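Letters A, B, C and D mark the chains in the order given here, with residues in each chain numbered from 1 onward.
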Amino acid sequence: MMTVAAARALRGDTRCFVGIGLPSTAANLARRTHAPDLVLVYESGTIGAKPDRLPLSIGDGVLAETADAVVSVPEMFNYWLQPGRIGVGFLGAAQIDRYANINTTVIGADYAAPRVRLPGAGGAPEIAASCGEVIVVVRQSARTFVDRVDFVTSVGHGKGPGDREQLGLRGRGPVLVITDLGVLEPDPDDRELTLTRVHPGVTAEQAVAATGWPLRVAATLRTTEPPSEEELTALRELTGSTEGIR
Amino acid sequence: MTARIVPLAEAVAELVHDGDTVALEGFTHLIPVAAGREIIRQGRRGLTLVRMTPDIVYDQLIGAGCAAKLVFSWAGNPGVGSLHRFRDAVQNSWPAPLEIEEHSHAGMANRYVAGASGLPFAVLRGYLGTDLNEHTATIAPIRCPFTGEMLTAVPALNPDVGIVHAQRADRHGNVQFWGITGVHKEVVLASARSLVTIEELVDELPPTPGAVVLPGWAVTRVSVVPGGAHPSYAMGFSDRDNDHYQAWDSISRDRDAFQQWLAGVLA
Amino acid sequence: MTARIVPLAEAVAELVHDGDTVALEGFTHLIPVAAGREIIRQGRRGLTLVRMTPDIVYDQLIGAGCAAKLVFSWAGNPGVGSLHRFRDAVQNSWPAPLEIEEHSHAGMANRYVAGASGLPFAVLRGYLGTDLNEHTATIAPIRCPFTGEMLTAVPALNPDVGIVHAQRADRHGNVQFWGITGVHKEVVLASARSLVTIEELVDELPPTPGAVVLPGWAVTRVSVVPGGAHPSYAMGFSDRDNDHYQAWDSISRDRDAFQQWLAGVLA
Amino acid sequence: MMTVAAARALRGDTRCFVGIGLPSTAANLARRTHAPDLVLVYESGTIGAKPDRLPLSIGDGVLAETADAVVSVPEMFNYWLQPGRIGVGFLGAAQIDRYANINTTVIGADYAAPRVRLPGAGGAPEIAASCGEVIVVVRQSARTFVDRVDFVTSVGHGKGPGDREQLGLRGRGPVLVITDLGVLEPDPDDRELTLTRVHPGVTAEQAVAATGWPLRVAATLRTTEPPSEEELTALRELTGSTEGIR
């Protein structure tokens, strides 16, 4: 359901910066359903890749073979991401806070002696800074949705309104946080993440319980449309070829 | 003035010394994994390892105790999960403490660009508002002298040795690679000495769409190592061995299993 | 989101307005000369013309009175001599005064790179000790925040319109060019609007060694103009017309001869 | 004779940054005679070009077709010239002074209202700054060899010893000025250009008369070897194909 909800969030007239895993699945699903013109951009340097099967790494040969253009990694970040040419960026998170700031670096207060050492930043800080908008895709739990992240790897809405502008971040930042329970959106005024949708069969209470801060719930809480036959079929086709690979 | 073509063991012995700063690059493609294992075999110590995505190749070097410091931007097993030897070193100092210098991909890529360009630093829109600024000394603010805008500067990377894998070279040491080219050109040009391992040596480099050519005089040594990028791949020669990346997860997860693997490499 | 393919006259009318900053690029190769003549035909005025090597194409625009300012690094007729219309404008304000902003090739190239990268400035080792620093306001010293070394900063170039010639495009407006690629990619990406004139429109871009591809969504308009680079050339389609460069010397040397030529263009 | 003398100055184990005209002729002559491994680099982006005939512009197709690598212009200046990878740079001059500073911008004291407007800098300032060493090739006359250039387009030895180092210029600067009369070299101590060689049939007095400052003459003035048969033949082959083009 996360994947389908993420796919639906992608319009066809834009470029999408995708990492491997769920974002890649969602973007490819969107391209196979309602957004055939969606341009997939992978940080490995492939622009306009059209994989027929899901790639297993952002560097799979199929991406280079099917791309409109393949560029070096410095060019990808400098000429394509940094100037804001990419409309949507997908990010995951090990921790995310009420202003959608993201941590993928360390768990634990002491950077020098972390409880858990995570992979780190990768392309995320600049994706969060420069893409037109950001969609965060992450499973919802009180361990992940924390009041304050242990480390700000990628800036969401900082400490609230005006922070991005003050920092000189040119993209709009996270506009959607899609979880296995529903969808959160920053409040238009104070930017705090608010539950605006739940997936079929999920209650607001469940989402609140799976959040490490008192989660706001929108006055009019909508329910996500269940996956259509077309979406499920396309998804099966995509994932079929990578069965057994996580 | 053209690159000498020598066996891998000789090239590594000649170019890589204890305490050197060494960058093995290849962004998901053309990763010089065989060269990394040769460094382990020769028992190098105290290396500062530089790489955007320290994956299996650096998990092996770190676990084998070759590294004193790691300069990187994303340390994971792509598509699989964590790098357990890296985590063990950072969290438990096993087999030795590992100093880390952490950047973003954009920052690392620009540091190589500055190094290749003979500049002391590069400028980018990056790191603003992140905690990386607090913990990484090699990130500094810089003001545009024309607009007054604040941006970020990162210092050039100029490794002692830069190592990459490529598809082909000719007998003059002119190197050709294509597909995802990552930071291949930048790391070779930024490094004081360079080694390129290749799939095949040819008399003439056939013009190839998307191919980058590095002239032999800009490369120090070339070694013919077919399959030298495994478990990563060389477009046109091999496919990525995803099962091997999977398998590494269980080998690296356990110190004993890893040491058995290491014994096999050193044997 | 893909480039619309339209006739040259329509593209120029749509994209180029009086007072715009316009860059026609092509470093000795793939120079959009036909697009320049179309700008003359449409009688644009007050343009700030930007180009590393203002050669025949800008000598014509300057002589025709389209330009108020020239931003450049080398203004000559390559292999022949001077640009007489350029000289007449600078030395005698004919047909109108021409303000100039003068750089070096390295500075101009880096200004386009900064423009394409969404940065306000670029850093290089350049201009040190030259008199260009005194006469060009868009050159400033900058200090490395890590080493303290003094280098030179130049501001980004972000033209209103960037125009280049290329060999091919497909029906989605994906553009392909090869051979000497100059600053083609940078000027298109640095400009608010872009026009690419091409030799031929194809259904599929054949993979070609040395070819650069710009995705259609990064280009504003494409116009099919076979021979649109003459007297420069399009590798694989035409050769450089050296006699024409020779002939321009005598046409441009004399105001009357030039005005006859101009009348022919406007007719 | 200028061309032959310039060609002889090129060793085979280096890279040479060449502009069009005499430098290109000299470099190609060297490659065809004593320096077959000389790597020709043209600022248009061609590295290791091996033209069989003299190119008429630095952008001729033959250069791209025969090059080991063709790179963009920004890459040429940033990755190849700026770091000092090019051993020798050739420069011409409209004016040159006693410290081998070069003017190719304007003749006349007033930049805003020049007596003669010249093409300008092109790649010269950074070639003069970053190449391992520079060879200047220019016809000698009192109008060209001036006490002080009207405009410093490219720095030679500035105002004397230590100037290049102080400016942070990393190349050694001009080591030879080759003219139609002879060869000038900077004095090892004070860097002032000194006549060290005359071409066959030329006297020191002629060279002094063709210089706008009191030209120093080396204690032991040598005479250039006349062109060999091999050199003349190779030169004829090269230029034959471009007869009539200046």
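Descriptive notes on the structure:
Note that a contact is a pair of C-beta atoms (placed from the backbone, for glycine too) under 8 Å apart; a residue touches a chain by one contact, two chains touch by 3 or more.
Treat the numbers as computed from the prediction; the structure is a model and nothing was measured.
Set against the C-alpha centre of chain A, every other chain centre is closer than that of D. Taking each chain's centre as the average of its CA atoms, chain A and chain B sit 28 Å apart. Look at where the CA atoms of chain A average out and do the same for chain C: the two points lie 40 Å apart. Multi-chain contact residues of chain B, defined as those touching 2 or more other chains: 118-119, 124-125, 149, 151, 185-186, 210.
Among the residues of chain D, those in touch with two or more other chains are 78, 82, 130.
Chain contacts in this assembly follow no simple pattern; the graph is neither a line, a ring, a star nor complete. Interfaces, counted as pairs of touching chains, are A-B, A-C, B-C, B-D, C-D.
For chain C in complex with chain B, the residues that touch the partner chain are 118-125, 138, 140-142, 144-147, 149, 151, 153, 155, 207-211.
For chain C in complex with chain D, the touching residues are 27-29, 52-53, 72-76, 78-80, 82-83, 86-87, 90-91, 102-106, 109-110, 112-113, 124-132, 135, 149-151, 179-186, 210, 232-233, 235, 239-240, 242, 246.
Contact residues of chain C toward chain A in the complex are 1, 116-119, 174, 185-186, 189, 212-215, 217-218.
Residues 20-21, 43-46, 56-61, 63-64, 70, 72-74, 77-78, 81-82, 105, 111, 113-114, 116-126, 129-130, 151-155, 158, 163-164, 167-170, 245-246 of chain D are the ones touching chain C in the complex. Partner chain B is touched in their complex by these residues of chain D: 13-15, 37, 39, 47-48, 68-69, 78-79, 82-85, 130.
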